[in-house]
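Next come two complexes, and both contain chain A; in the first it sits with chain B, in the second with chain C.
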Partner chain A sequence: MKGFLKKSGTTSVLATLISILIGLVAGSVLILIVGIFDNKIGLSGAWDGIRLVFIGLFNTGRDASGVMTFGFNPANFGNMLFRAIPLILTGLSVALAYKTGLFNIGAAGQYLAGIAATLFVALEIPTTVVPAWIVWTLALLAGILAGALWGAIPGLLKAYLNINEVLACIMTNWIAANIVTWLFDLSNLKNVTEGTKTAYIYKTSFNGVETAKLGLDKVFAGSQVNAGILIAILFAIGVYILMTRTTFGFELKACGSNRHAARYAGIRDKQSIVFSMGLAGALAGAAASLYYLSGNPEFFWSTYQSLPAAGFNGIAVALLGACNPIAVIFTGIFMSMLQVIGSQITFLTPFNEYITDVIIAVIVYLSAFSLVIRMWISGRGKKKPVKPAKADAKKEVKA
Partner chain B sequence: MEQSPEYVIEMLHITKEFPGIKANDDITLQLKKGEIHALLGENGAGKSTLMSVLFGMYQPEEGVIKKDGKVVTINNPNDATALHIGMVHQHFKLVDVFTVLDNIILGAEETKLGFIQKKNARKKVQELSDRYGLHVNLDAKIEDITVGMQQRVEILKMLYRDNEILIFDEPTAVLTPQEIEELMQIMKGLAKEGKSLLFISHKLNEIMEVSDRVTVLRKGKYIGTVETKDTTKEELSRMMVGRPVQLVVEKDEAKPTEPILEVEHFTVPSKIHKNNAVKDVSLTVRAGEIVCIAGIDGNGQTEFVYGLTGLERPSAGKVKLLGKDITHATIRERSLDGMSHIPEDRHKHGLVLDFTLEQNMVLQRYYEPKFQKGGFIKFGAVREYAEGLIEKFDVRSGQGPVTVARSMSGGNQQKAIIAREVDRDLPLIIAVQPTRGLDVGAIEFVHSQLVAARDAGKAILLVSLELEEVMSLSDRILVMYEGEIVGELDPKTTTVEELGLYMAGAKRNNGQEASAS
Partner chain C sequence: MSFLIRETLVYAVPLMIVALAGVFAERSGIINLALEGIMIFGAFIGAFFIYEMQMNEVFVLQSGAANWGTMQMFVLLTMLVAGIAGAIFSLLLAFAAINLKADQTIGGTALNLLAPAFVLFFIRIIANQDDLRMYRGDAASWFMLKKSFFGLKEADGFFVNTFLNKVYITTYVCLLLFVLLSILLYKTKFGLRLRACGENPQAAASLGINVFHMRYAGVIISGFLAGMGGFVYALTTSNCVANGDVAGFGFLALAVMIFGNWKPLNIAGAALLFGLFKCMAASYSTLDLDGNGQYLLLNLSKDPVWGKILNANFYRLLPYLVSLIVLAFTSKKSRAPKAEGIPYDPGKR
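What follows is the complex of A and B.
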């Protein structure tokens, strides 16, 4: 058991779990405080809220007498998986860049570029002429490509002009926001049928383009889930293999870890940086494509005043997953679970969904302290400091 | 006898274990007041661990530490500071963008209502620097002063905190010969003023010159303590390595054959000033010889090598490798054409410190069919290859091939680089200060490897700042001064003094290599 606790993999998972637990408790405390000081809510209302924070996924609504009921809720599960799609992919985008020594804060801009390319392709190519599945594929590829190109710009600036990628990313985010608004402004894709809505673009289902459901909608009845989640998981596995198994990943990591040494070893450092950012952008673009190609979301095209949250949520997902592509699958799903819980809280209690934002904030904040938590776990019950080495590695010393 | 109060610090029977390794095994170290005590040992002998124990960064499994005869417990570096123990680390702990004065008072600032009061501090630092001859501009930023000056700041930091026991961790590894000479004088001055100095080193010359007593460690074990005046370099190196060490390189007459590297009118612009760092250099290195570029640091050697290896672009001139023009080739192409490079800065260029040892071992070869198939790395082959190199070149590390390079001792990092470069078996080896920071045993090893490579018909271009190495290892010496080759010397007929005159720019001949213009 001791050896198990000392393993670096175990401790980092445990550290994450502890961060999550503290975050959930913090959210509960907040609910409790609000509940106590608000006569209309009271302790019982707060208790409902707290239960939702922890097991909201299993909530099945309220019965006739107004008591919350719990059980397997397929719609909640399905929606959790659906909302996880963009979170996993933007999380991967940030994680991949981070593993190669770059901080991709530009996922929001790459996401927007992906949305624009995807929607234009998905809506402008008539499915009466081209089969829908071809349009779908083209739209996905267009989104990935657009994200990649948009991500490559800060990469190019960093590699050839030594401009900090964070600054370049922030600027390209807003440039994307304005360009996208302008492009849709010119387009004829504005949703005119639903009169009360302004500044929205048609759903891709308007043109009959939708991600296949593969029967998932039967398993999780009443939800929006589709095959996109499987594609996102495949991407995660792909990124994991790329980074840990291939020579290309070796080059990218070497470059990120020590650009000078990589150059010395004959690796093209400038190209590697551009590739890293391009790949990160491609993942963010894929996030946008798969989200909008699900058929139902409508895009609010007047984005020049705000950036999509998906891009920044990716940072939280990646950090919580310690930038491990496989861990990102789980942290992405976890974050989307919190989003589902957020809507449950809004729907079923007087509290609002921003409670979950507080929880996410606390968790991300704590995950920055994960090293401290990890040391606490592995040093527990011992007065002597433990050498921070990978104890799971083969203990072979040639004397 | 162990109770004797003549010792300021006593570390008695210290044992410290790490998973898989006994870093310190029953080690005793006694430091007298006012002495310079050298701690000698190979890379990885346990010197750093012992000092970490003294600083409370590790707790020993066994043994006690006494200060002035009284047992003390040191749980963290703050305890050590409270006992007036200070240390100059090998890699300085300074804030680059702060001034010298700010760095000295950092952590021990005098404040009034929360505002820092620098007046008294400045006075005290000024007094200290006058008293010990540690002259340094207090208002200069750390990033603007030389490494030697930075070291003085570290020493002043210790003195400012009224430290009585001063530990110098391989202080000369980063210094030029002149700076080393100055440091020796400073250390002697400190000892005369009653400070007790612990001098960690594996450079025998310096130990002989400056220390009063020497304690020798080998592979974590205590070997003995001797009076410096009663011992010799040979005896110390035997104690340290455990066998007699060849302090002079043994090699036969070189039998140079065809030219491997031909450099013509090579010019590299400087990044610091407007002039060229390397001016119109022409030279030839033939198979089966070691050509050494000697010179004082900063005379264009670094830029010359950068230009040769493709890290920087030359502005004029031509480089031919095995007759092929590689002036504008990429680094990878040069590597494939037969150039291997032991870089000057092992942390900047030589290693990816956060990679494992095995990953570093294949840093330039991961793409070879031996190590990859269809873009996927063959981990088994990499592991096997790395284990082979570790065995063959005796690279010591905590966890073998999966050790993170950062956690290895400097000497073993260097050995890993040498292993990697020599094992590539390429016709040209460019070795820049290959023995920097190594102990005598390792130096002997590196020298014998380079001589063996030479005898196997490799061309070796050596860049070295160490006169001894230049004289003993090279077959021809080219002296570089202010970016030019100012002379070609034969190590068999020249003297160290003459070489020194060339290096200082006081003398020059137009040897055949330099006369090309």
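What follows is the complex of A and C.
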């Protein structure tokens, strides 16, 4: 038991699980408080909400008498896998940048760049002339390239002009939001055939471009799942190999931990920063491509006032997975599970999907001091020295 | 011209006060990336306070009796409430960054995620939609100062029309606070101690300054100003609607702070510049720059050649693009507080 708890891998998994648990409990407490103070909702409504927070994935709706029923719900599972695609990829984007010492808060802008490039390619090349699968591939590549270029901008600004990448990313996010709006405003891709849908772009399925389903939609009936999830997992494995098994990955990491030492060792530090941000952008662009190429999502093009949540959720996914590419697969699926639960809560209870955003925020907050949680766990492993360690901590605070 | 100055101030004042909020935190050694989140929280609490007051009919009586003085007191009270809410919210950052030595960038990001989620969760429950509006009327007609309040008329000239007509009291309160707090930070013992903690906390501690207390003070003042700034933003630019969003103003304020090199006078100038661009984006179509009854920018946007570039999209893009360019030119010279972002460890030298 002692040795098991001491392993760094175990402690980070345990720290993650504890963070998740605290996040879920925090969400439940919020629901409970609202239930107590709102007579219309009451304790029974709160109890419904809390059960959904924990096991909403297994919810199968309400029966005739209005009681919630639970069991295996293939649609929920499939949608969870579908929504995990952009989360895993933006998570990888943030994780890769973080491993190389950069905080990529610009995934939202790179995601938007990816959306624009993908939709233009997927909708402008007629599938009557070019086979649909070629258009699909080109659209994915276009999205990745656009994301990479947009991500490289803050990288260049950081490397050559010494601008803090966080600020540069935030500014490029809003610039992307405005440029994308402008581009679609000029384009002829606005959905005008369906009269009720103002300010939406055509789905890529209008041009017959869709990600293959590979029979996954049969396994998870009634859901939107497609092969994109497999591609996302492949990307994660690729990033893992790049970061742990290649010289290039090592150079990026070395540059992240100490830029000056890396330069002394002969690594071109400025180029490394630009490459890191470019790769991070490429992953965020891929996230957008695979999400919109699935054929169903519709893009609200007049987006200059808001940034896509996918970019910021990527931060949560990466931090929760301790920026390990393989762990990001699981935390990405966990976050998408929370999103599925969120829509269940909106449909079935008086509460709404924002409770899951609260839970995610709490988890990110905890991951900011995950080191403390990890130290606390390994402190538990050792039996005797617990008390002196605590006393020391108190002294430190007083001093 | 009066309109341009008035509108520029409307946008510049929240930027200015929130940038000062950033200065207080960073000067004490804590990077406050959560300004955006704290603004969102302050805007919500402020709007909710006004909503509740209106629900309880406190307002209608006063406005019915044309007690505009009392109405202005309500605005001041709401500013205070929003500020306190922001200060309380910022304690989350202070606790993580100071007591637990957490990564301040991540902590700030967490608060930026938490604020809109928390706020929208409650707005949906209170209002059953995604924005919380005032219960009655709109902020412009309820809370604006008009020249008639002072018994003045249109003919009373440029000064009256610019600074006493259709303005908000919040603008002047914020300007006053900006001056007072700048003096506090740069001309008093407390300010010197606070800044010392952001430059070299170990040296400060060796002179008997409690770094923990000073950093808490920095973050709490920062939270108060950002919360208040959030409410001012909501009141003056979006009719006191809280919708879990302040359109990136918190981040723009951070850019203003860095552009202003962490110094109040430069920050005031930078905020006015950005305010001007924001104002152009919001109302380029009704700007009468030379007073000849022609809307120059609107005409330009209709021009077949120039209109391709100089249109609404361009003006909306401009503040962000300009701030990025300005940062590119100033960041080489910029001098951030030395110890910002580094958790204080008494054992370190």
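In the analysis below, the second predicted complex is superposed on the first by the 380 of 399 C-alpha atoms of A that agree within 3 Å, B and C clash if a C-alpha of one lies under 4 Å from a C-alpha of the other, contacts with A are read in each partner's own complex, and residues count from 1 in each chain.
FYI, contacts are C-beta pairs under 8 Å (C-beta built on N, C-alpha and C of every residue); 3 or more make two chains touch, one makes a residue touch a chain.
Here the structure is a predicted model, which means the values were calculated and not measured.
Once chain A of one complex is fitted onto chain A of the other, the partner contacts of A:124 are absent, as it touches neither chain B nor chain C.
By the touch criterion stated above, A:105 is placed in contact with chain C alone, chain B being left untouched. Residue contacts after overlaying the shared chain place A:34 against chain C, while chain B stays out of touching range.
Of the two partner chains placed by superposition, only chain C is touched by A:355; chain B is not. Applying the stated contact rule after C-alpha superposition, one finds that A:266 touches chain B and leaves chain C untouched. Ranking chain B and chain C by residues of chain A touched puts C first. Of the two partner chains, chain B is the only one that A:258 touches; chain C does not reach it. Using the contact criterion defined above for the overlaid structures, shared-chain residue A:364 touches chain C, although it does not reach chain B. Put simply, chain A uses residues 396-397, 399 to touch chain B in one complex and chain C in the other. Residues of chain C that touch chain A in their complex: 33, 92, 96, 99-107, 109-114, 116-118, 120-121, 124-125, 212, 245, 247-248, 251, 254-255, 258, 313-314, 316-317, 320-321, 323-324, 327-328, 331-332, 346.
In the complex of the two chains, the chain B residues touching chain A come out as 18-21, 57-59, 219, 309, 311, 330-332, 334-335, 341, 343, 348-355, 359, 363-364, 366-367, 372, 375-377, 390-391, 396-400, 402-404, 407.
Interface of chain A with chain C (complex): residues 30, 34, 38, 103, 105, 157, 161-164, 166-168, 170-175, 178-179, 181-182, 185, 304-306, 312, 315-316, 319, 350-352, 354-355, 357-358, 360-362, 364-365, 367-369, 371-372, 396-397, 399. By the touch criterion given at the top, residues 245-248, 250, 253-254, 257-258, 260-268, 383-385, 387, 389-391, 393-399 of chain A touch chain B in their complex.
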